[in-house]
Every structure is written in C-alpha cells, then in structure tokens.
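You will see chain A twice below: alongside chain B first, and alongside chain C after that.
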Partner chain A sequence: MVVIGAGMIGAACADALATRGMRVAVVDRGPVVGGTTGAGEGNLLVSDKAPGPELELAVESLRLWGELAGELGARALEYEPKGGLVVARDQRAFAELRASAELQRAAGVTAVDVPADGLREWEPHLAPGLAGGVHYPQDAQVQPALAAAALLRRARATGRVDLLTATAVTGLAKGRVETDAHGTLHCGAVVNAAGTWGGEVAALAGATLPVLPRRGFVLVTEPLPPLVRHKVYAADYVADVASGSADLQSSAVVEGTAAGPVLIGASRERVGFDRSLSAPVLARLAAQAAELFPVLRDVRVLRAYRGFRPYLPDHLPAIGPDPDRPWLLHACGHEGAGIGLAPATARLIAQLLDGEKPFMDPAAFGPGRFEKEES
Partner chain B sequence: MTNSAEPAGGYDLAVVGAGPAGLAAAATAAEHGLRVVLLDSAPRPGGQFYRQPAAELRAARPQALHHHWPAFQRLLGRVDAAAERVTSLGDHHVWSVTGESGAFTVRALTGPDQRQARSVTARQVLFATGAHERQLPFPGWTLPGVVGAGGAQAMLKAGLVLPGRRVVVAGSGPLLLAVASSLAAAGARVPLVAEAADYLGYAAGARVLAANPGKLVEGAQHGAVLLRHGVRLRPRTAVVAAHGSDRVEAVTLARLDAAWRPVPGTEWRVACDAVAVGHGLVPQLELPLELGCRTRRLPDGSAALVVDAAQRTTVPGVWAAGESTGIGGVQLAVAEGELAGRAVAGQTAAPRPLLRRRARLRAFADLMAARHAPGSGWTGWLDDATEVCRCEEVTVREVRSAVAELGAADQRTVKLLTRAGMGWCQARMCGPAVARLCGAPSADGPDVPGPDVAVAGQDDGAPTRPLSTPVPLGLLAECDTTAPSSEGAPR
Partner chain C sequence: MRRSPLDLVRARPEPPIEFSFDGEPVAALPGQSVAAALWQSGRLAWRRTRVGDRPRGAFCGMGACYDCLVELDGVPNVRACLAPARPGALVRTQQGDGHDELR
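Up next is the complex of A and B:
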C-alpha cells in the first residue's frame, strides 16, 4: 500500500493498515505533520456535530482515541478527556442549544444541560450573564503533531512501514505511484491522505475531488495557571461549521493546554491559500475569548498561527474508493475535524481494503457523490 | 521627541527601527519633503550600535563607548532639523504591519509594561529593524553569568553595567573584538577572546579588505585596545562547556578544526565569573515576512530581505535598509538608509559615490559572513542533555530523536514534535541551533516561501510570527474595527 500524506489521517491509516499486517509506504512531499495537522488544534469534538453520518463517525472515533491513549500513553499524545462546555448568550440560543443536545443524545452523545447558575461550577472564570450551557463529557483533545508522530512511530515499529519524507507524488496509475525522489513505487492500492491537497493528488490519477482550503487562525497565550478547564465555546459555533458562506466566521473555542498556554481558535474563511495576517480576524477571536472569559483581557497573546482546512462542498470528508478507480481510496477533506475523525477514518479505510464489513455505512462519504451532483 | 498628530491621510512614510539605518532614512526622506513617522521599541533612538545610556544615568561621556559618535550626532541633528516633518515615537514596539501600498497600518505597543496600543497609518513603510544575535548552545550555557555578547555590550552602553569582573568573550564574528574592547575599557578583566573561525581565512578576501580601509582601521583600533589590556585573541577556539553551581565559575575551552569540531585532547579550563558569547547576527524579519517580502540566503546561512538598487523589497510600497537586508555594520546601514530615504521620496538618481560606497561595504559584509559562518562541527561540543530551547527546556536528545525517528528535517517540524521554539522567545534564541541540529538547509531563517512551499503549508514556519511581540488580548480585541459589536456571531 502507498499512503500519500504524513499528516494525522495518513498516520492513522498507516497504523491501521500495518496493524493488519499490510506493508505500507507513507510518502510526503514535506516533513511529517508539515501540512494542516501541524497548523491546527487538536479538539476531538462530538459537541459541534449534528446527528448524521459525521456524528456517527465522530462517536466511534472518540472511542478509538480513548483506546489509543490507553495503548500509547495519554502523555505521548497529550490526550486529555476534559469535556466540552457549550454556552449560550441568551435564552433563545439556550433553547436552540438544548434542542440540538436532545437530538445528539438520541444519536449516542452524552450531553448534560447546565443552567445559568450552574455554569460557574464548571468554569469559575466564565463571564456573568450567560443564559446557560450544555456539558459534553466525551469531548477531548490531543496535540495533533505528537499524536500523528506517535501513530507513525508505532506503525514503523511493526517493521512493515517505510516513511519517505521530502518525496512528492508526481503521478498515479493502477499499481504505480511516481515520485520525484524515490522513483516508481509499486503497490496494490493507494490511499489519498493529502488533506487540503487531496484534490491535486486525485487529479494526478485523472480523478476529480473538489477539496478547497478554508483558512483558520489560532491565538496562543502566554503560559497560565489553569484558568479554563473545558473546551468552551459559544453556541453559534455550531452554525458556523455548517455555513456555506465564504465570509469570515469565527466563534472562539477557548481551551487550556497541558503546557499552560490557552488556545483560542479558530476562524473560518475561504480566501484560498492566502497566508497574510488578518488583524481583524485575530481581533475578533480575541474579542470573543475576552467576552467569554474576561480574565483573559490582560493576558498576553504570544503568537498566532494559521492553517488551511481541507473542505468539501458538503462539509463531509471523502472516505472510500474512487468511483472509477477502485485501487485509489480517498481519505481527505476532513475540514476542521480531521484530528478528531482520524482513527475512525483509518478504521473504515482498513476495513474497506481488507474486504471486511465496515463498522458504519460509508455511503455518505463516497468520493463519487460530487460527480453525480454535476451530471 | 516630537509628538505631533498624524497628518490627514496618514504619514507618507513609516520607518520601523531608529538605528543608524532608520535614522538616516527618516532624515533623508524628511529632507526631501516627506512626512515621516519613526518608531522604535527602545526609549531613545540609536539602535544596537548607538545605544544611549538612559538619561537618568547622566553619563558624562557616552561617546567614550562608541566609535562613530560624531556621525551619530550628525544623524540626530538632521532628524532634529527636520523635526516638523518627523514624528519620533520611542518606546513603541511595533507588533504588526498590515495593508498595502498607499495604506499601511502600523500597530505598536507602548507605555509601562507595553500595555497601551497606538497605531499609525502610512502610505509606505520602511523596515530598519536590525538584527539579533545568533546563539549556539553548549553544556552549561544556561548558567547565570553566561550572557549574549551583544547583550553585554548593550547593557554596558545603556546602563553602564558590566556582566562580571572576569569575562571570557567567545563565539564568532567581528563584534567579539568590539565587545571585548568595550568590556576591557570599562574595567573588566578579559582573559581571552575565543574566536571559532580562523582569521587566516580573511586572506582570501584581500581585495575586498584593501577596498575597505575604514573597516581595517576599526579592527586595528579594537586590536590596539585589546593589546593594551593584555587580552589574547585565540582563533579556532570555542567555549565547549561552562561550569559552576549557582553561577558560572569557569569555562572549558577547546581548539577547533576547520569545521568547528572540537579537537580531542586540546581542552583547558579558565576561571571567570561571566561569559559573553555570540555567533554573529541574524536579521530580524518577522514584520516584513508577514507582508510577504522575499528573502535571500546570506553566506552564513541566515535569511535577509531581497532589495533592489533603491532598497525596495519585493512588495510594493515596502522598503528596507540596514541589517534587515544583511549584516554589514554601521556605515553600510547609514548608506542604505540614505539611499532608501531618497528613493522613497522619488529621487530616482542616486549619487554615484553613495552607490559605490554601498557596494564596497556590502562586499566586505559578505566576506565577513562567509568567514564567520558557523561550521557544521559545532554540534560536537554538545552532549545529549544540553538544553537547546531554554524556554521549553528541550534537550539535544529530544531534538535528535525527532530527527532520527521521524525524519524531522526543519525547524518547524522539530518544534511541533518537541516544543523547541514554542516558548516566550518564539525561537529567536534556539532557532539557529535547532535548524542546524536537524540539518535544515535554511539554517537561520524562514524557508524562503516559494509558491510551492507556501502551498505545502509552511503555516507556522518557525521564523514567521504573525505577532512580532506578545500583545495583551484586550488590546488585540480592540483592533477589531470592523465588528459591529460582540453580540452574536459575525456572519
């Protein structure tokens, strides 16, 4: 097998395939975790997903993350099952939030309503005046780069995985992967885990997959004593994820990290691969964080970073064989949830390659769904 | 210091950095009629070289610590003479420059603790942000008493304090001589200057040296001071360890081979209560990089801004002068500042002598950079437990394992896998060392982001820093001029 991409998804796929005894080459044109995986956050969320295939994938994936933390050690991944707290600014938002939590519960999510006067018990520094919230104990986090590295390390320890960094894939055909640094790799199947560049890789095989970049900024504060215990965000975040608009949307997710800094992310814009600093976007994130946690006002922001999430028009990933090329499996386009969804994505890919019955119906993630829309 | 209000429509030019390059550029542009705002994080103008003692110290003769003092006085005089067109903002640390030609916004922090915001707008912007010192770690370098050579010099100039009584000066580059001679002149005992490079290498550039008599005189002056104070210069030598419990008490020195590898059996110990160490200067580029200015690789592996003959960067409306375009000393910085100031003001024809002077000084600078480029063998004096990143306490062992097991081959990947460079200083200190430990081609600098690299997601490539200094969250929030209110989600 050849896995293209040494990000979170490629690492999880390599690990899942190697564990099943397959021989794998992981190929990346850059270093490991040099793509979006090294430029995002590691929220593992069920709270932001509406019932449907993505939530089903997320519930399984978070369960698998818990298992991985047991096998690899929570410290190696900086895994923290800290839970999420979604808050509502006013009664209307609170009512909507409770209604959506109700639906999520029916889909297997644990969600506990928190009345206004109970919020401070969960988060002592939250701003006064919020209408209420919902606590999601399944939400967790990892440090994405470390998590991907840990999976790659374990995969390589099987002796069945080669890691070819600084090697770009330049051509794809059945049984053959052309590279610039290691010539032609012969293989039975190819996994396209090229994230935001998944569309380009698909094109090398003559396939189409409309993956586009969606920019996001994250703010990182100076290291602080524990101030924020959960992942905290305002309820309008959920609406942002599903929005089809190209304009800036942001609703800050505020979270403490094991190392001390508080992370505030992430904005969502469609501006192509424009790397330029957007002061208004950073300002907006800062304002929203300060609104949720007024104590953060005097805290210094050490740095900001940006990344480009891989998104597909319907905001679902592409997981499964290319409609016309059964040897090419796509595993990309996870947008702002690729870290969370990685283990379950890898499981689906491994099951499909092994001819095993997948744990869920992958039809909604079928890479052919965009072709149909067009014709 | 003037503090006039911003002209309607903004300034014609914002100059970031009031060192020799920035002062020369601001004075020249103002003399040609432009309205200029000159910002510097230091309270008083002067930059690295002309760092002035704080006024309250009432230094009787600050010039005793400087060569070129009259030249500095002349520069200040020119800025003063143009005072109605130059707004000097000291104690203004610029944390972001955004916008495009015709409308740049320059945001700075000021006031006690840097907790007040101030922003100005300008049609064009010029970066004269200088350089910072390159540090290469060695066992014991985190002990109190081990200080940066440039830092020691700055402390001396700004506060008239010495880092210790018996100071070993070590590292590489022409600054070491300047530092040692200032320390000795100010009363410190300097047992020796350990220079890792081999001065014999200069012979290869005899033509360039002959064309720069001023530079040689400068070197000779330092040499004379050192001689008078009995300071020995040891080429091909490095501090390979510092010892002490609460503070440095001694160092181990060793001879180096041509690749800077310590030669076994040549070690000896020297007692001291301070070590001033530096391995040359690295241009300070975060602000121009955020605007997308392209860089070039200098002979010593660091990145500097690409500028054309008029000191224009690759981004329209953005100019640069001084060390941000390459390390070259005070005279080159002033020459570049003059040329940039004229060009920004629309003076297309530059005086020939000034152009020749810049070319000559640049050739000298390149020679220096090549001679003092860190050799690859320096890693030979590290042990696995040596801390590379002091902020996050990351050791050589951790960096090496990321390289060996995961093929990390650049600073950013090492950072993601080990946290080296994620702390307070944002890799300004450990960056060059980490880059060299993982064999990155771009030793000190940003990976020059060609279109492809940018696409491959060099999103947080270590040296690009969207915020060039920490900003209080509340102030950052206030920059949001577009948000109608914080109510509801912006759609």
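Up next is the complex of A and C:
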C-alpha cells in the first residue's frame, strides 16, 4: 500500500493498515505534519456536529482516540479529555443551542444544559451576561503534531512501514506510484491522505476531487496560569463551520494548553493558499475572545499561525474508493475536523481495503458524489 | 585590560542613564537594551522558569526565543533584549509566567 500524506490522516491510515499486517509506504513531498496537521489546534469535537454521518464518524473516532491514549499514553499525545462548553449570548441563541443539543443526545452524544447562573462554575472567568451553555464531556484535545508522530512511530515499529519524506508523487496509475526521489513504488492500492492538496493528488490519476483551502488563523497568548478549563466557544461557531461562503467568518474558540499559552481560533476564509498575515482577522479574533473572557483583554498575544483546512463543498470528507479507480482510496477533505476524525477514517479505509464490513455506511463520504453535477 | 566594543567603533555615547533592577541601580548607555545593560552589570539571569524554578537570561538576544522575559514597569513577559533601557524604569525578576495576580 502507498499512503500519500504524512499528516494526521496518513499517519492513522499507516498505523491501521500496518496493524492488519499490510506493508505500507508513507510518501510526503515535505516533512511529517508539514501541512494542515502542523497548523491545527487538535480539536476532537462532537459538539459542533449535527446528527448525521459526520457525527456518527466523530463519536466512533473520539472513542478510538480514548483507546489510543490508553495504548500510547495520554502524555505522548498530550491527550486531554477536557470537555467542551458552548455558550450562547442571548435567549434566542440559547434556545437554538438547546434544541440542537437535544438532537445530538438522540444521536448518542452526551450534552448537559448549563443555565446562565451555572456557567461560572464550569468557567470562572467567563463574561457575565451570557444566556447559558451546553457542556459536552466527550470533546477532547490532542497536540496534533505529537499525535501524528506517535502513530507513525508505532506503525514503523511493526517493521512493515517505510516513511519517505521529501518525496513528491509525480504520477499515479493502477499498481504504480511514480516519485521524484524514490522512483516507482509498486503497490496494490493507494490512499490519498494529502489533505488540502488531495485534489492535486487525485488529478495525477486523472480523477477529480474539489478540495479547496479554507484559511484559518490561531492566536497564541503569553503563558498564563490555568484560566480556561474547557474548549469554550460561542454557538455562532457552528453556523460558521456550516457556511459555504468564501467571505471571512470568525467566532472565538478559546482553550488553555498544558504549556500555559491560551489558543484563540477560529477564522474561516476561502482565499486560496494566501499565507499573508491579516491584521483585521487577528484583531477580530482577539476581540471576540476578550468578549467571552474579559480577563484576556490585558493579556498579550505572542504570535499567530495559520493553516489551510481541506474544504469540500458539502463539508463532509471524502472517504472511500474513487468511483472510476477502485485502486485509489481517498481519505481527505475533513476541513477543520481531520484530527478528530482520523482514527475512524483510518478504520474505514482499513476495513474497505480488507474487504471487511465497515463499522458504518460510508456512502455519504463517497468521493463520487461530486461527479453528478459535472456530467 | 578589558576591551570595549565602544572603543572599537570609536563611539562617543551620551551620558549613561540609570534604571532599577530588583531595587538596585543599573547603569545603561542610551540606546542599550535592558538585557545588554543587565549583562554589562554582570547579571546573567532575570527570570525563573514556570516549571522547576530555574534561572534564565538572554539566549538568542534578538527577540526570537522569548527566554529573556522580564517584568518591566509592572508588565510581565517583556523581552529584555528588545526593550530599550529607559531612565527610571522599574525592572524586576520575572517569576514563572509573571501572572500571579490571575491565580
């Protein structure tokens, strides 16, 4: 097997395939976690997902993350099952939030309504005047670069996995992967785990997959004493994620880290692969975070980083065989949820390659779903 | 005899100024950074780490590493290598993250 991409998804796929006894080459044109994985926050969320196939995938994936933390050690992944707290600014937003939590509960998510006067018990520094919130104990966090490296390390320890970094794929055909640094790799199947660049990889095989970059910034504050205990975000975030607009959306997602700095996301813009810093976006994120946590108003930001989420038009990942090329399996396009969804994505890919019955119906993730409109 | 870079470039600096470090006077030439002045005064450490309470001072000396953090006029996490030494400034050793008031 050849896995293209040494990010979180590629690492999880390599681990899942090697565990089943398959021989795997992981190929990446850059280093390990050189793309979106290295620029993420490491969100493992069920809270932001509406009932449906993505939530089903997320629930299984978060269960698998818990297992991985048990096997590899929580410290090796900086796994923190800290839970999420979604807050609503006004009564209308709170009513909507409670209604969506009700639907999530029916889909197997644990969600606990928190009245306005109970919020400070969960987060002592939250702004006064919020209408209420919902607590999601399943939400968790990993350090994505560490987690991907840990999975790749375990995969390589089987002796069945080669890691070829600084190796670009230049051609793809059934049974053959052409590379610039290691010649032709012969294989039974190819897994396209190239994330935001998954569309380019698909194109090498003559396939179409409309993955687009959706830029996001993260602010990093100076190290602080523990102020923020959960992943805390405003209910507007869910609408931002679901928006199809190319324009800027932003809503504060605030969380503390083990090392001390507070991380502040999350902006979304479709501006291609433009890496330039946008001061207005950073200012807006900072203001929104200070609105949720007034204590952050006097805290300084040390730096900001940005990454490009792999966006597919219907916000669902592509997981499964290419419609016209059964030897090419796509596992990309997870937008901002790839870290959280990686273990279950890898499990689906491994089950499909093994001819086993998948743990859930992957039809909604079928890479062929974008073809209809074109033909 | 100790050689000074000031001699090498035949500098004619303005008269020295003075700031305080943990209550003690420290002399600085106009234009010097806080870190340079502290170093010149023989002090190599002006921060204690969050984990392990270990001493830290200037490492990269050019604003990239954030090792030389100091409390300047009541504001923690100021990079001493970038902050100009100003007359009368109150510089203090930074303990941990410098935000005890938030604990």
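Keep in mind that, in the parts below, the second predicted complex is superposed on the first by the 375 of 375 C-alpha atoms of A that agree within 3 Å, B and C clash if a C-alpha of one lies under 4 Å from a C-alpha of the other, contacts with A are read in each partner's own complex, and residues count from 1 in each chain.
Throughout what follows, a contact is a pair of C-beta atoms (placed from the backbone, for glycine too) under 8 Å apart; a residue touches a chain by one contact, two chains touch by 3 or more.
In this text, all values refer to a predicted model and were calculated from it rather than measured experimentally.
Q: Following superposition onto chain A, is the placement of chain B relative to chain C best described as a clash or a fit?
A: clash
Q: In the overlaid three-chain picture, which partner chain does A:224 touch, first (chain B) or second (chain C), both, or neither?
A: Only chain C is touched by A:224; chain B is not.
Q: Going by the touch definition up top, name the partner, chain B or chain C, that contacts more of chain A.
A: Looking at chain B versus chain C, the one contacting more residues of chain A is B.
Q: I'd like to know which partner A:100 touches here: chain B for first, chain C for second, both or neither.
A: neither
Q: If we overlay the two complexes on their shared chain A, which of chain B and chain C does A:286 touch? Say first, second, both or neither.
A: first
Q: A:61 contacts which: chain B (first), chain C (second), both, neither?
A: Once the two structures are laid over each other on A, A:61 reaches no partner at all.
Q: Would you sort A:146 into first (chain B), second (chain C), both or neither based on which partner it touches?
A: After superposing on A, A:146 lies in contact with chain B but is clear of chain C.
Q: Quick check for you: in the superposed arrangement, does A:302 touch first (chain B), second (chain C), both or neither?
A: It touches chain B and chain C both.
Q: Please work out whether A:47 is in contact with chain B alone, chain C alone, both, or neither, and reply first, second, both or neither.
A: Neither chain B nor chain C is touched by A:47.
Q: If both complexes are laid over each other on chain A, which piece of chain B (6-14, 24-32, 60-68 or 96-104) hits chain C?
A: So the stretch of chain B colliding with chain C after superposition is 60-68.
Q: Using the superposition described at the top, list the residues of chain A that contact chain B and also contact chain C.
A: In chain A, positions 222, 300, 302 sit in both the chain B and chain C interfaces.
Q: Could you list, by residue number, the parts of chain B that touch chain A in their complex?
A: 96, 98, 105, 107, 115, 290-292, 392, 402, 405-410, 412-413, 416-417, 419, 422, 424, 426, 449, 454-460, 465-467, 470-474, 476-483, 486-491
Q: Using the touch definition up top, name the residues of chain A that touch chain B in the complex.
A: Counting only chain A, the residues touching chain B are 29-36, 38-39, 89, 145-146, 149, 152-153, 156, 163, 165-166, 196-197, 217, 219, 221-222, 234, 236-237, 239-240, 243, 245, 247-251, 259, 273, 275-280, 282-284, 286-291, 296-308.
Q: Sort out for me which residues of chain C touch chain A in the complex.
A: 50, 66, 76-77, 97-100, 102-103
Q: Show me the residue ranges of chain A that touch chain C in the complex, using the header's touch definition.
A: 222-225, 227, 260, 295, 300, 302
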